[in-house]
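Structure record follows, encoded as structure tokens.
Note that the chains are named A, B and C in the order they appear, and that numbering of residues resets to 1 at the start of each chain.
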Amino acid sequence: MYDLIVIGGGPAGLAAAHAAWEKGVRKILILERDRELGGILNQCIHNGFGVKTFGEALSGPEYAARFEELVENTGIEVKTDTMVLDVDPDRNVYAVNPTDGYVTYSAKAVILAMGCRERTRGAISIPGSRPAGVFSAGTAQRYMNIDGFMVGKRVVILGSGDIGLIMARRLTLEGAKVLACVEIMPVSSGLRANIARCLEDFGIPLLLSHTVTEIRGDRRVTGVTVQKVDDKMAPIPGTEQYFDCDTLLLSVGLLPENELTKKAGIDLDPRTRGAYVFENRETETEGIFACGNVLHVHDLVDYVSEEAKFAGEAAAEYIANGERPRDSFSVTTSGGVTYTVPQKIRKDSGMKLINVYLRVNRKVKKGDIVVASAEKEIARYHKENLAPGEMITVGLPSVLLPVNSGSDTLNVSLEEIAQ
Amino acid sequence: MYDVVIIGCGVTGAAAAYELARYDLRIAILEAENDVATGSSKANSAILHAGYDPAPGTLMARLNVEGNEMAFRIAEKLHVPVERCGSLVVAFDENDEKHIEELYRRGVENGVPDMRIITGEEARQLEPNLSEEVRAALLAESAGIINPWDYTLAMAEVAVKNGAELFLNTKVTAIEKGEHFTIRSSKGEKFETRYVINAAGVNSDIISELVGEREFSVKPTAGEYFLLDKSEGGRVSRVIFQCPNELGKGVLVSKTVHGNLIVGPNAVETNRGDTSTTRDGLAYVQRTALRSVPSIQFRENIRNFAGIRANTEFDEFIIGESKSAKGFLNLAGIKSPGLTAAAAIGKYAGELLRQMGLSMTEKESFDDTREVVRFKELSDEEKNELIKKDPAYGRVICRCETVTEGEIVAALHSVIPARSVNGVKRRCNAGMGRCQGGFCSPRVCRIIARELGIDETEVLEEKEGSNILYSRLKEV
Amino acid sequence: MREMTCLECPRGCQLTINEETLEVTGNNCPKGEDFARAEITNPVRVLTTTAVIESETESMLPVRTKDPIPKKSMSAAMKAIKNIRVKAPVEVGDIIVEDLVGTGVPLIATKRVLK
């Protein structure tokens, strides 16, 4: 019997396990499916990680190494090459690896930190033939940075998410010609800095409000057709451009990987595609916590580590003192706020500051994030340069919570400030 | 000298080989591509039809009903995923109701068991997600679903295990007819044989013309599909057909043996070998399917594909000896319900060859078995025993479908070994799930290179020339 | 006047620089000012890539320049890195090349490879 099992040894799992250790939890097990810890950071060889956490722009492997070192210096047990096949609501974890075989582990608390996966060609139903040479950007990144292979020479990238942008630069540096980065939305979902240093630095055109409408090639990709789209994202006839290319990379979004979460009987928020959680990142199933990209897709790993720390500390608190009363506020959203994590805030959380992560649905130069309950404003946060691709964090002091107002909801909204 | 050369190793060719391998014959199977079941046999609705569709008295009707029974029997024996889930043909209006009554009558005449017409209400009790617009339905309990490429592979493997010789990447370019047949391939090989079976699918007319007059022409028609995630697999528990109408043949909605949801097909004229999908075609399929089952969540789509029907000018299978070449047996124009009928077609091919003068004596022993290990279907104890024997079964490579390294290695060393990433996928499901190989394909690639002793840049996704990787980085 | 996105941190401030007076606006910290000035005189970037490693476990070693190097040195740097063959073991931060193509900036390993 373990005190805590952490599923996933990427940035979220490492930070969560370490935070729990720091809070005195001793029997901790991390289960990692890959042959090494670090998760997706191992293939993210570009820099820019850790500016918030360490004040340095580290590469992915360097950032992972910092946390791996923290974990190595504890008594946390790690099993790599181990795939978790099932989790149940009683916190039994069913896993398999080549040395131990098929094993059941039990724990007082479980932290879900499985990360996310990439959306595929199928998810967006790109018509055309089905040749080799169509990769999700992260898969191509692995082929290049871990395995050491070039995936193509003439490349079109669909989607301007960060992985797509990073791969545009990576491919160009290694000698490929990136013909265009094509984005169906009128704005890119990638970080502004990545558009500048990955596309603009290399003169790679960013085609906004465009999409790939046909893939051609019998055995290997021979080209793709790109079209402009209207405001309903339907391709406009007559705007076809043909790109002669051998590779199409897809950077069309990430999806939290919640198959295990579902198996544990935990409900998912359709907006985040992750579990509904309380302020301490505990799911609706007692003793099971979630953090990182399995909970909602983050744009910066620093926030993953921060959130994982909350979850790790909360799991420690749960292991020591048991479940807190669940009397809580439901967090609703309006005015362009698309979601919040957490979705529930306990009236008596025992936390001084509740960290709320949220996203907005449009670009706003200046705006206020307003927290209100029963029409009454309780907090206001001024923010600048808001964009859908960039997560916003606010710290809500729990003394502001209207615990005796009779209301059970908190609303988070965006108020745009006119220029 | 071969007794029989079978051209094409789709489900029809494989079924013929499976039947003929029981007899003391020297058999060769020539397949143009690098694997079996790479044409229509892998890209279809994966349905075992009950048999009420074909006109009574046709070969199609007889072989469908017979083939349905045989398919279930063979699939169970050879560990091919199959399920007799039944089917519904739904009626939205009076015309449709007349149509399903006609189908019922045909079914009775064709000898289809366990059919009845039910009301819309009854249909919705069986299938709660069925549209409120459904007024009646024809229920056929004998219909089912199958893994079509595994069915093909299973029959081909048994044939090979019993002595049939399979030649891959062997495209037939010429056939000379003298005392016997001399078949030449694009690679310059020569095969001499007394009898030829033409099971070349979409290209069966081209093969047939190599020995004589044109007797039929294939008019390929594409059908486009959606394959949805397992989260949608429970949307229906039977095959849901619509009646054909002026807009074309109805679109079906069905679960698959893997637990996904399949939706399609439409019917559009195409060129041979062109299995591309189109925006309009997919939109039509989507729109039409929602008429039967309005709650389908198409955002859960994981793959689109298109398959080609080997339609000809005849509304019938073209099965029989070529008029211009004695000893040359056409199994051509095998469109729907060809998958269902395959085993019966194979058996019938044997009878025809005997009538054509081939002497057939049964082998003393025929090994009609097939071993398949599917890790995720094993009990906990069996899993542990297997991992103890071979630790590779403890390493999960495809997380979506829970496929282990052991299974992938086995697929690469099986009776008809996989030669590509998709070949691995067809044999053990790696890469078939919701992430479509995003996670496992680099790992599968590496295993293929290691097991086949090739460089990773030589690893193919599917056919020859479909290399996944361009070059090694930093090559000096 | 030239507009640019500051690359000093993920915040990505939108900077404007007067190319004559070198006056910078739009920055939220002093780093932005330095960045904008460098950008019109001698733009620099950290180069991140991989080098071939002889190891039992890895094929590629992720590497980066310790500090930013001039953009114009990027392609020479990539060419030089192509010829490098690193031998395990390597620690994070180990210097792989002392002075990368005359920039005075070392190339460092960003991953530990034990064997």
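Operating definition for what follows: contacts are C-beta pairs under 8 Å (C-beta built on N, C-alpha and C of every residue); 3 or more make two chains touch, one makes a residue touch a chain.
The shown structure was predicted, so the numbers you read here are calculated from the model rather than taken from an experiment.
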Open item on the list: Taking each chain's centre as the mean of its C-alpha atoms, which one ends up farthest from the centre of chain B?
Closed with: C
Task: Chain at the geometric heart of the assembly (C-alpha centres) - done: A
Task: Mean-CA-position distance for chain B and chain A (Å) - done: 39
- [ ] Could you tell me the distance, in whole angstrom, between the mean C-alpha positions of chain A and chain C?
- [x] 26
Open item on the list: As a quick test, compute the distance in whole Å between the mean CA positions of chain B and chain C.
Closed with: 53
- [ ] Identify all positions of chain B at which a residue touches two or more other chains, and write them in rising order.
- [x] 473-474
Task: Multi-partner residues of chain A (at least 2 other chains) - done: 144, 146-148, 174
TODO: Any chance you could list the residues of chain C touching two or more other chains?
DONE: 50, 52, 60
Task: Complex interface listing, chain A residues touching chain C - done: 35, 42, 45-48, 51-52, 57-62, 65, 144-148, 170, 173-174, 191-193, 195-197, 201, 299-300, 385
Task: chain C-touching residues of chain B, taken from the complex the two chains share - done: 473-474, 476
Open item on the list: Under the stated contact criterion, what part of chain C meets chain A in this complex?
Closed with: 4-7, 9-14, 45-50, 52, 57-60, 62, 64, 71, 74, 78, 92, 110-112
Open item on the list: Show me the residue ranges of chain B that touch chain A in the complex, using the header's touch definition.
Closed with: 226-227, 273-279, 281-282, 298-299, 301-305, 380, 383-384, 387-388, 391-396, 399-400, 402, 434-439, 441-442, 445-446, 456-457, 460-474
TODO: Note which residues of chain A are touching chain B in the complex, please.
DONE: 33, 81, 83, 85, 96-102, 117-118, 120-123, 125, 127-133, 136, 138-139, 142-144, 146-153, 174, 213-216, 218-220, 235, 246-247, 259
